[in-house]
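Chain naming follows the written order as A, B, C and D, and within any one chain the residues start at number 1.
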Amino acid sequence: MNIINIILDFLNLENFISNIPNAEVQELLTIVFVFLRSDLFFKILLFPGIFTILITVAELMWLELKLIAKVQLRVGPQYAGRIGGILQPIADFIKLLFKETIVPEKASKVLFLLVPIMLVTLAATTLTVIPLSETDVISNLDVGLLFTFAILAMFPILALLAGWASNSKFPFIGGIRALFQQVSYEVPLWFSALGVVILAESLNFNSIIKAQSTFWFILLLPLGAFIFLVAVIAETERLPFDIPEAETEIASGWMAEYSGLSFGLIMLSLYIKLYFGAAMFTALFLGGWLGPSILPPAFWFLTKTIIVVLIIMMLRGVLPRFRLADLLYIGWRRLLILSIVNIFLAITVKLVLF
Amino acid sequence: MQISYLSTAEIVFILIAAVTLIAAIIALEAKEIVHGALSLGVMFLGIAGLYILLDANYLAMFQISVYIGAVVVLILFTIMIVPREIWLHRPFRITPEVIAGILAAIMLIGSICVLYLSTPAWSLTPSEAPFDWSVRRIAQSIVIEYGIALQILALVLFAGLMGALTLAKVEEKEEETK
Amino acid sequence: MNEAQIIDELRDKFGERIGTPERLRQHRIVVTVEKENLLDLAKFVKDTYDLNYAISVSGIDYPEQNKFVVVYHLCKMSEEGHLPLVLTLKVPVNRQTPRTPSLISIWQSVEWHERETWELFGIEFEGHPKLERLLLHEDWDEEFPNQFPLRKDFLLEDE
Amino acid sequence: MSSMYFSVGPQHPGSGHFRMKITLQGDIILNAEPDPGFVHRSVEKIAETREYLQNVPLIERQCLSDVSSVTLAYAMGIEELLGIEVPPRAQYIRVIMCELSRIMSHLYWLAILGIFVGHSTMFMWGFGDRDILITETAEKIAGARVSYSYIIPGGVRYDLPDGIKEHTMKTLDYFQGRLKEYDAIFFSNPIFKRRTKGVGVLSRSEAIRLGVTGPTLRGSGVRGDIRKDAPYAAYDELDFEIPVYSEGDSYSRSLVRFREMKISSSIIRQAFENLPEGDFKVKTRKKVPEGEVFSRVEAARGELACYLISDGTRKPYRLKMSTPSFRNLPGFSLMKGSMLADMPPIYMSLDYWPLETDR
């Protein structure tokens, strides 16, 4: 019995439907209501679906504002909401909602407007396979890890398309940079996750998490965890790898021409992606929802994820931006080799411990 | 009283197939070449959807990450780097290539028809005893059953890669001497 | 190398071809030179005294005397710093046909200064590679044809 | 491979009121041409229509981050023409204000450099400390935060207020602690070093040939500083060193400015210690005798020269300001051949101030 069912019972719409004379419409609506009352719909809409993600992401934005403000000896948002401007991201989003969306002249209009929507859709899709607890997962896919990587592989296309569709030079350079960066950091990302797969003997997130009940994999594969974290930061375009958005070089890069709601959607997708990267790190290396059973597993998962996100955010306070050439150098010459070493380490650990 | 005559899997199949086909046609016919490349990506996505319908999740994921994550990205990148004018204004003319293409299409469709007619039982739903698609099973079949074939394939690929690198190197040197 | 020496040497070397070198105050020497002898003098001071550093190029408008004066301020820069001495070259230019040779072949650093002087005074520097709009806006010529803001006959609105 | 042309500025987060015309091939900058003039106000022309004293607020508008040095050059020129001797107390106060201005300007530069390489903390710290520490001290002395028109021909406008010495000393103590933190978080940062070391190298001879000035020159190994070479105000009575780095890259130019902030605070301390008693201003006449004068000061961005011609009236006949930013314009040629990502560090290491160029 979930909250949607309670609300539907309260509204008592089924009674109303049974009075509809047309039998076909009646049956169709009945099927819709069965879906609305189902567990799947609850998972998609409320927990661990859209609602939870939006709230988490909004509060992550607020945490970032506050945390960076602390580092920079400022106060940060204060007025929206009672506790230190906790509603600031929501206020920001509402502001963006009412701003005009300007499409540049000679831009490829359909693509230009489609890209933010696709970005948010993709970002949200990845979260369907991340388990907040053993049961709180929308789809317990047997190839969950591969699925997330497959979706991640589609992000650079969208960044490139955003840059191309804007028909403007800075976004185009930004798009190309995003492509370079994300494609080349996908390789270390895959390879470092491979170590985990070797240890857990599975691509399913729940099985991977369960395999960590004795040791978290960060203890067994510290090198892999480090590579994975770096690659996640690069994939999510956070500092020090925010090269595709480098403001002072190429004026916000591939999202330079976006404004209003479409810009809001892009920011939302980037934050969902950040949350998703941290969630993946949690699931692969920090034992996911494992934790003392005093509190529910979802609490442990969210706590660990938020801590990882905060670590990534803290980097923004202390590190400047890399050059693209340095980034590619690190990716191909250092991380790739290290991640291959990591696979050998994983095999060794596997042979010794299990 | 029956709402639909098709099962859910069949509806989904028809939708995905339609999207795939339309995307394939757009990929060939689009005037803006970027749109064409994009619909190629959509087509690959549709094919991945078909794989999922056939319970081949592993294959579907690789379809997405290899074809969309690598091939489409490469195509898009190449298109965007090359100046736009080259792609525009290609008048349609019946050349030997066109005739050959039409012939090939007829042969392909014909052979598919022959295959379809010669296959007795044909169903969209997965077979009764589904093949074990688990990752462990795939790994075993790749490494143990087809291990030698894989090694040879890897060697061939490696040789090809080295050859490509050598060729690229030679060209670079020639450019330098110029 | 003191100022009196430089003045003497310049007088000996160039004689009538330049105006009398004048010591204004400590570290400041002013030489007036016609544009025909400008390049010779510039080469000489650069080679002899190693005045390798051009500080500024300015124009002055004297409408009553029907002339512009282009003023070069030169000094010596070594690894250990400036020499306090500043040599000033003054080049009178006819106001009707304002042309003078550019010193860019001797001091690279006068490039932007000469371009600015060209733009604001209308003095043409022969041999300057790029005399193009620098500070004024692009449609200045349409709005104020043949007017140069730093000339004395260009009046501001509140004058 | 075809090249790509675009303008950085005037509507760009990394340009200021100014434009760079960049031609890019791949990721390499083929050509970078500065295009100043977006904020040209013809200060030199307006100065010819105003009286000498009225010009003080006018000319300090050309460089709002470093107003003291600009007005000091102008005031020194007039004093030389009038033949008056400025009282020693005023000279010391001038030194204090000039060094405060220098710190202010360098902090501004440091903050912008921070955000240019993507370090937002340096940006916030730089601006925060500039506003809270330095600008406030200047306000206590001169009565305004930025454009205080404090240095006038004949001395300074007001005497120092009571208790300013203690306040400044306390501020400087705190500020020097902050400098250590800047070093820890920014100048010792490996990514910052990687982005600036060996980037935009200007050799010693080339620096002299192009006629660059100030920290840009000193970052190339030339010990050129007017404060030492042709001392003015009270600089010849104070003990300070000139930081010089010989690598000539963006990093050494940045380090020169960073060390200068520390040296400036020690100069201010010395000036307060040795501050003589006496007048802070002498009477001047409104009419300035005929003549010409060329006065030079070392502003925050380099040598600032003021060429003043008087025809014996109340207004200057011609006033030419040769500003350091204008003279650093050839430095933009350093961008040729470097990557697009090197553009912000090179641009900022020149410490270019568009308003000063345009005047």
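Here, a residue touches a chain if its C-beta (ideal position, glycine included) is under 8 Å from a C-beta of that chain, and two chains touch if they have at least 3 such contacts.
Predicted model only: the values in this text are computed from it and were never measured.
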Request  = Please work out the Cα centroid separation of chain C and chain D, and write it as a whole number of Å.
outcome  = 25
Task = Compute the distance, rounded to whole Å, between the mean C-alpha positions of chain B and chain D.
result = 62
Remark   = chain B and chain C have mean C-alpha positions lying a whole-number Å distance apart equal to 72
Task = Take each protein chain as a node, join two nodes whenever their chains touch, and name the resulting shape: line, ring, star, complete or other.
result = line
Key: Interchain contacts, given as pairs of chains that touch   = A-B, A-D, C-D
Ask   = Which residues of chain C touch chain D in their complex?
value = 24-25, 27-28, 30, 52-56, 58, 60-61, 71, 73, 77-84, 86, 88, 107-113, 116, 120, 133-137, 149-150, 154, 156, 158-159
Note = The chain B residues in contact with chain A across the complex are 1, 3, 32, 34-35, 38, 41, 48, 57-58, 60-62, 64-65, 68-70, 72-73, 76-77, 80, 134-136
Request  = In the complex, go through chain A and note every residue touching chain B.
outcome  = 23-24, 27-28, 31, 108, 111, 141-143, 146-147, 149-154, 156-157, 160-161, 164, 172, 176, 179, 183, 186, 201-203
Of chain D, residues touching chain C in the complex = 36-37, 40, 42, 44-46, 49, 80, 204, 208-212, 217, 221-226, 228-230, 242, 291-294, 296, 303, 305, 307, 309, 317-318, 320, 322, 326-327, 329-330, 358-359
Ask   = Tell me, which parts of chain A touch chain D in their complex?
value = 68, 71-74, 169-170, 173, 239-240, 242-243, 246-252, 316-326
